[in-house]
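Chain naming follows the written order as A, B and C, and within any one chain the residues start at number 1.
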Amino acid sequence: MNRNVKLLWNGLIPENPIFRLALSLCPAVAVTTSVKNGLMLGLAVFFVQVFSSCTVSIFKSFIHPRIRIPAYVIIIALWVTVIDMILPVIAPDVYKEVALFIKLIVVFAIIISRLELFASKEPLVPSFFDGAGMGAGFCFGLCLIGAIREFFGAGQLWGHDLLGFKPLLVMILPAGGFFVIGFIMATFNWLEFKITGKMPKAGGGH
Amino acid sequence: MSINRHLTKIIMAVALSLLICGMVSAQSSETGSFKKDKEIEINFGVPVDESWAQNSANFSVYEKPDPDIKIPVEAITLDARKTTATLKFKEPLNTSSEYIVEAKDVTAAGKVLKGRMEFMVKKSPVKVLLALFLANALIANFVFTKYLGLCIFFGVSQKKETAIGMGITFTTVMVLSAIMCWALFTYVLQALHLDFLKIIVFIGTVAIFVQAVDTILRKVNPYLFKKLGVYLVLIVTNCIILAVPLINADSNNGPFASFTVGLGAGLGFALALFLMSCVREKLEVCRVPATFQGLPIAFIVTGLFALAFLGFSGLVIF
Amino acid sequence: MKEIVKIVVSLTAVCVVASLILGAVFAKTDHLRKENEEKVKQETIQSLLGYGPGTKKPEDLKIFDVYRYVITDDKGNTFLGYLLPLKDKGFALVEIDLTGKPGKVIPVTADAAHLTEQSSRDAVILGVLPKGSKATYAETLSIADLSGKRLGYVIPGVTQGFKTFIKLMVSLNPEFTVTGVAITDAEEDPGLGAEIQQQFFKNQFVGKTVEILKNLKVIKEPLPADYLDALEPAKAKKVGFSQDQIREIKQKHEKDDIYALTGATISSRAVTNGVKDTVRKFVYRIDILTGALKQENVRAAF
């Protein structure tokens, strides 16, 4: 039980997929023009990650090691298509804004790397928590970036007008997205330096 | 250097043949063209009677989807050889739509040649393709405007050499898989009403194709493989490689358009990689604050590039 | 050899299972998705007519859908076909040739639910036309009557936006003056072109008559401050405008051209041209249709 909680926490901060592992950055910029969009994609990734991790963990003995990568890709594509079909029915307006990125979840390095590193070796329950942790961390990251960009770019949060004017329109534009993530990453680096006293090595960026 | 030259030659050859095909198809059959936004030019092929041509009652012009709404022709002029007529209109035409010009009782040298001639008028396919290419490479650059391919972008853009290698490998794979995916989508998925399988089929195609290229290259040209092999595997996790077939499928693009989108996306990505690598090489010798070193400063630089590329938006040459 | 067989079997099994699951989910959700789309469309039409979310739809509000088709018969002649509901149950397909002359009136027996779905509607129409004809769906016009009197019209339009197509709906009153504009589908840049969805932009079109629309242009100037406040209901409330004041300001600016959105001139022009073209074509066609219905003594439901 303890290990599972640790796995959950791991994905949220220490090995946060966006800010620390620097994986799957595309959606982090594209989709975070508002908290709602970020949350929707975050939940979609959470769903796909958890289901894929569990599926691979259950069937790991059936998947021949030589074809494991294509098999992982097919499993991920399966769950992505499922969520791609369910979401427009549940939340059509938000879905329209993130439609392309839901389909692109298939190529998110984070999911396939989790399957390769963890789910293919561990039993079902730890795989579930690892997937949940990574998915939650990803979702948290997206919402955080989305909140900053939406607040400074449109003066709104979750569509509710808070400021009544748009302080920095550039925040909603692509350039703003890059700036915000760069600064958040630097902040994470600084926090880690303060806490552990060591400067973390630059992430891989995959 | 020679790999670069070979691959560049191949891509240029294909692009050139595409242009020629486009130009040839544009001249064939009865087509007219937009000359400025208030004029249409049609070519009869033979000299026609001036009196007949200048009678606007002999011409009927309408937008293809609205055959019941005729657009009044203000004036008609013939050129010196009397084979080409220019129809002038009062209101600007919608150049992104298709128009039909019907000519009734085409008369030449006093005799009625044909009872009815129909001309299709739309933006030249070459222009449309060139505009599509520019749109995908610059105006809506996949990295700076659509934020796709960032995954690989930050990893591979540290040195100029790796950037160029990745750029070329990627463009080649992109273009070929765009065409393959189009063919699969049109002839297999749509024919069998299995559209919802497109995500799986596209990514499967790309994965198999990359694996095939990897195996073939390893055996056929080990030198090339040593230089570019490592990038091949990374291509499969590049968002752009899946985004382009999906965009082509959703917009119902034909083969030429799919090819052009793939080419534009690939070259745009290569350009972004190259620009980024130039800056990052310089950054290595700059004094960057410790917390910003590595990815954070790379993101900020990308943001600046994105701002710069914003200047391309609204660019309309073709 | 055994290795390869095992690999192939393994991979095939994964693919087959995946496809089966997908097929099942697709069958379930596709149906729901289409229902959702239809519901959203009906809600948009209602709110354009003035009965948005929050206001109840009056009992005697009747919305009639008229489907326009472009038909080519086996001899190559092209004409328009309007599938419309009749006063006493049933439908009719009214043919009108390209010069506006009415042609045949073919009675159509089908049930209304069947006709809302395009593929079944296409089949019904092909069924009543002579063999060898081709019918292409053009658009659906919605005619609204309140207590038997004409309330207005809601018509769809499509225009080329900055990024891709913009689909819109325009509502007109019986004199064909614009009473509302709704953007149903657009993929413009957030913060720039996407602002065409904002009330202060769309409401500029309200009150523009057919005459004003003919010469309507887009000017690259910011909205005058009082106009901006009057156009957006939430702002008007905050500033404290009374209904009379709002009406006065709107009337003052009625003949103004459309003020473009900051940094989104192309999107603004696209919507303006879209509204102009849609209204122009509709006014031309509805005139011919009402004339044809009168001439052929067709007792339409509207």
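Definition applied: contacts are C-beta pairs under 8 Å (C-beta built on N, C-alpha and C of every residue); 3 or more make two chains touch, one makes a residue touch a chain.
What you see is a predicted model, and the numbers here were worked out from it, not measured in a lab.
> Drawing the touching chains as a network, do you get a line, a ring, a star, a complete graph or other?
The chain contacts form a complete graph, every chain touching every other.
> Given the contact rule stated at the top, which pair of chains has the most C-beta pairs in contact?
Chains A-B share more contact pairs than any other pair.
> Report the inter-centroid distance (CA atoms only) between subunit A and subunit B in whole Å.
Each chain reduced to its C-alpha mean, subunit A and subunit B end up 32 Å apart.
> Could you give the separation in Å between the centres of subunit A and subunit C, each centre being the mean of its C-alpha atoms?
Once rounded, the distance between the two centres reads 37 Å.
> Find every residue in subunit C that makes contact with two or more other chains and list them.
In subunit C, residues 18, 22, 26, 189 touch at least two other chains, as defined above.
> Which subunit B residues reach two or more other chains?
196-197, 200
> Note the residues in subunit A that touch 2 or more other chains, in rising order.
Within subunit A, the residues that touch at least two other chains are 70, 74, 77-78, 81, 85, 173.
> How about subunit A: which of its residues touch subunit B in the complex?
Checking each residue of subunit A against subunit B gives 22-30, 69-70, 73-74, 77-78, 80-81, 84-85, 100, 103-104, 106-109, 112, 170, 173-179, 181-183, 185-187, 189-190, 193, 199, 201-206.
> What residues of subunit B sit close enough to touch subunit C in their complex?
The contact residues of subunit B facing subunit C are 65-69, 94, 96-97, 140, 196-197, 200, 251, 313-314.
> Write out the stretch or stretches of subunit B touching subunit A in their complex.
Interface residues on subunit B, with respect to subunit A: 144-155, 196-197, 199-200, 203-204, 207-208, 234, 236-239, 241-243, 246-247, 290-300, 302-304, 306-307, 310.
> Note which residues of subunit A are touching subunit C in the complex, please.
33, 62-64, 66-67, 70-71, 74-75, 77-78, 81-82, 85-86, 88-89, 92, 97, 153-154, 166, 169, 172-173
> Looking at the complex, which residues from subunit C come into contact with subunit A?
3, 6-7, 10-11, 13-15, 18, 21-22, 25-26, 29-30, 32-33, 36-37, 40, 189-191
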